[in-house]
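Below is one structure; the comments refer to it alone.
Order of writing sets the chain letters: A, B and C. Residues in each chain are counted from 1.
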Amino acid sequence: MRPRPTNIAALIIPVILAAAYPALPDYQKALMSRVLILSIYSYGYAVCFQMIGVMSLGHAALFAAGMYGAGFYAFYVSPDPFPALSVGVASSVLLSMLLGVLAMRVGGHYLMIGTLLASQTLYLAALHFNDITGGEQGLVLRGEATIVRALKPLLSELDARYVASLLALTVAVVGITLLTSSRLGRLLLAVRDDEEKLESLGYNTSLLKLLAFSISGALSGASGSLIALLYGYVGAGYAGVLNSVEPVLWVLVGGPYVEFGPFLGCLLVNLLADAARALLRGHVLVVGAGLVAFALATGRLRWAYQLMARWRSRAA
Amino acid sequence: MNRRQALSSLLKTGIVAVGAAGLGAVTGYMAGSSFGGQSPQGRELGVKPIKIGFQVHRTGIGAPYGFWYERVANAAVSYINRTGGISGRPVELIAEDDETSPAKGAQVVERLVLAHNVDFILGALFSDVVLASGPRAGELKRPYFAVSEGTHVPFGKLNRWCFQPGITDVPGQVTAVAKWIFENLGNRVAMIYPDYAFGHDHRDALTKAAERYGARIVEKIPIPPGETSFTKYFTRIPRDVDVLYHVMVGDVLTFIRELGVYLGRERPELFGFIDSIEAVPLSAPGLEYLEGTYFWEAFPRYADGYDTPFARFYREAVGVDESGADKSDPSRVSAFSHMFGVWETLFAIKEVVEQSGYSEPTRSDYEVFIKTLESMDWFNEGLWHPQGDKLFNGRLHQSFGHQFISLVKNGRLVVVHRTEIEDSVYEHPNDYTKQPLF
Amino acid sequence: MFPSENLGLAVVDGLVNGSVIAFIALGLAIVFGIMNVVNLTHGELYMFGAMISWLLVQAALPYASALVVAPLLVGGLAVVINMLILQRFEHEPGQTVLATFGLLLIMQQVGLAVLGPAPRSIPPPFNPIIEFSGFSYSGFKLLAGMISLAASLLVWIGVERSRIGPLLRAAQENRLMAESLGINTSRVFMIGFVLAGSLVGLAGALTSPFRQIHFLMGFDALAMSFVVVVLGGVGRIGGTIAAGVALGLLESLAALFLAPTVARVLTLTLALIYIVARRLGSVKGVWRY
């Protein structure tokens, strides 16, 4: 099957980001690096939410598994950032499989709260075993453990961080494009649209969902690992509920196109929050009002409604 | 107009009124924003200002402290600018909310350096924010001053660009008061503390001190975060302990009230860290149970606890009355045992800038600034350091000062003991001066 | 290993806390459980209930007035939120999540502006210390726990026995069908929001004399409410009450034997396994792929 045009067009994102870089002021370069890495998390969430129609409230656990996996390796084993990255991704894939075996079997509200419980459990464990994890205070990785230091001979820190995050985002976007245009991608969408029919055709939909959840875990974990390895800090704050809610907001704001939406939503929400914080004392109010206004202004979220109506009817 | 229409129009009027009131409140709230606290006096000096970036906990869990940190920072900067600035240059304070979040804190450091090109950064209180921000400051080569009492700076978790000259850290505070506790209250101790790193710092420091002085910690009761009901944990307090040592964060008022009901009058001696009730009036319902118990304070909340001309001047400058509350709103009690660190840190910066001749954010100026700061070994008591003199350890980048022990008596805190500086000092192998600067 | 009076205390305290948890969650059991509206402002409505009580006591009014005023105002606020915002997009989940999260942030900031950053508290109107054999307990908290439980049971019976329950379900399950049967669905939703809002407002007022009042208190209440609503079986008010009481009791008992955080972790894990096992019919089903 030929890739849909939207798939190819998604590759325009990295191209624009690369072209725009020289024109950005220094702070915006730094800000964008952060947003690019977080949008990988956003894509990870979208694989779960938009492709198989599963709304999880525990993705912070997957993000944090990547962050701690990479962080522990860099902190306790060896300060080489590249093996640490693979350890990070591997640990979040492992966790998402473990969690997926439990959570993918139940639907709707039950899955939402099940994942929430699981991530709260991990969050509390991270606080309690503070001798290893650093608890809420966190661990600071040594300089040589950061990817930035590894690229230092070639690039300034600012450039290195941007290049690394752009590269990672490109991989994620290409990966998503390949996934949506592949047979597997269509199967996943079919799980979302009519699980029973697919089952009657002899497909193991639980397994398909588990697979999608693991891909979602890999992307979320990659994002967490990169935050750890680019900024040199690992902390339990990233495992909290708020970090599970954020990607939901990004994906909802970004709209239904799984190739563009997660990036656009993440970009929009983060830029709004950042600009408001720089300009106003009551910036949280502005972000809140922005979300309400967005919800009121757009009828486009019907796609989310249809999606959720589907999992609701399945859950009932 | 029928009943329905009347109801609906009434409802609409109500909504409009509430909306208008809300809008008014919001506008007022936002208009209160001081986008950097440059005072008019500062501009009159007519030279390029020294820019100090400031991470504030305006929202999030740190907000009770953030409010007072910002008040003190503005007061200190205004005093500095009234009295000739730093090296004759006015100070411009550029404040930004970090939402008490490590991720946002790191982002704020980036903006302060990359967008505002500040000379120095006045950092945060909450340790997670400090630990996430320190590496960013180190990479961007800007001196970062925490006012946090955390162990991150002295224990070598950060880097050569991070300092804590304004406040003693938790191990120092605990070490200093532990001796007094064991000698005066008894040496069988049970501890209640939050079950995360801040509480664990207390646990570790007190355990170490107990070993040194031959006391025993018989029970350690960690409380999970976000708890709103505590009675179930009190069953673990052994009935035969001499002292119950408590430090709480979160729902502290409930904690004290339930403790009162559980223990009643036949209780062990209670020794608490003021952090439990920082920014909370002792007159709050339920706190009457604390009558007759002891607290650590860094700087006595009630003016007569440490009555020096410097302390009086400072109290006046930050707008706090004799009992530690906001002059314009007595129900708003200050974070008196922490916020002085902001004042003293700003004056430490002033002192070191003036001694080192720092003028521009350049490699050579920072080099001499940091080496000068590391060579300091003493901050003298005075208007600049009203809490008392401080020993500064240049290898640890950490100050050690006097601590106070106060008794709650007639609903106020009465100082019963002031520790010596040596009581706070501990050994640690960390040495930041061995790290390369660039 | 522990004296028996500790067991007694753990049971009493667990029951009281469990009843309070259930009562706080009750409104969410209606709005989210029955009407399927993902209302993230639930915790903030709870905070508003407590905040209003504090304001009244500050204004030298008796605490009892809070028990009337807080449910009225919070119920009204819930209706306004529903009318001005949620009704506009017919409670579509995506928009509801966005809008109510936005409202959550706004309400938190209103709480910060009104209460200030530091925690507040109000004195219980009366607080005899009740002596059990071997331990004592706060009389007001005990009473509040009993009121919570009684009120929850009353609401349960009321909703299930009256026309309200079936109406709420019908309006949620098929708006068009309900409309064609002559049911004014928007009014039904309004009834649901009034009921949920006043209940959680009352919970805020009832708990304010023994919990501290703080602008961030809503978030944990929200998470806990979602957990018990789902644990009890979505749409079943009785289940929510049972889940709340069970959770409170379990945590209280676990704290006797285990380090508190470990106890909390264990409780959450048990809850997770319970949810999955219930959906699949058995624990073994979990491992059959």
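Everything that follows uses one rule, which is that a contact is a pair of C-beta atoms (placed from the backbone, for glycine too) under 8 Å apart; a residue touches a chain by one contact, two chains touch by 3 or more.
Note that the structure is a prediction, hence the values are computed from the model and not measured.
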Query raised in the report: Draw the chains as dots and join the ones that touch; what shape do you get: line, ring, star, complete or other?
Result: complete
Report summary line: Farthest chain from chain C by C-alpha centroid distance is chain B
Query raised in the report: Between chain A and chain B, what is the separation of their C-alpha centroids in Å?
Result: 34
Query raised in the report: Any idea how many Å lie between the Cα centroids of chain A and chain C?
Result: 31
Query raised in the report: Which residues belonging to chain C are in contact with no fewer than two other chains?
Result: 109, 259, 261, 264
Report task. Could you list which residues of chain B touch at least two other chains? Result -> 29, 59, 195, 222, 224
Requested in this report: Going through chain A residue by residue, note those that touch at least 2 other chains and give them in order.
Outcome: 124, 127-128, 282, 284-285
Query raised in the report: In the complex of these two chains, what residues of chain B are touching chain A?
Result: 26, 29-30, 32-33, 35, 58-59, 96-97, 99, 101-104, 106-107, 110-111, 114-115, 127-128, 131-132, 134-136, 138-139, 150, 152, 157-159, 195-198, 200, 222, 224-225
Query raised in the report: Touching chain C in the complex: which residues of chain A?
Result: 101-103, 105-110, 112-114, 116-118, 120-121, 124-125, 127-128, 204, 206-207, 241, 245, 248-249, 252-253, 282, 284-285, 287-296, 298-299, 301-305, 307-309, 312, 315
Query raised in the report: Which residues, counting only chain A, touch chain B once they are in their complex?
Result: 25-27, 29-31, 34, 124, 127-128, 130-131, 134-141, 143, 148, 157-158, 227, 231-233, 235-238, 274, 277-285
Report summary line: Within their complex, chain C touches chain B through residues 2, 6, 9-10, 13-14, 17, 80, 84, 109-110, 112-113, 116-124, 129, 135-138, 209-212, 214-217, 220, 251-252, 255-256, 259-261, 264
Requested in this report: Could you please specify the touching residues of chain B with respect to chain C in the complex?
Outcome: 15, 18, 22, 25, 29, 59-61, 63-64, 66-67, 195, 221-224, 226-229, 231-233, 235-236, 251-254, 257-258, 261-262, 264, 279-280, 284-286, 332-333
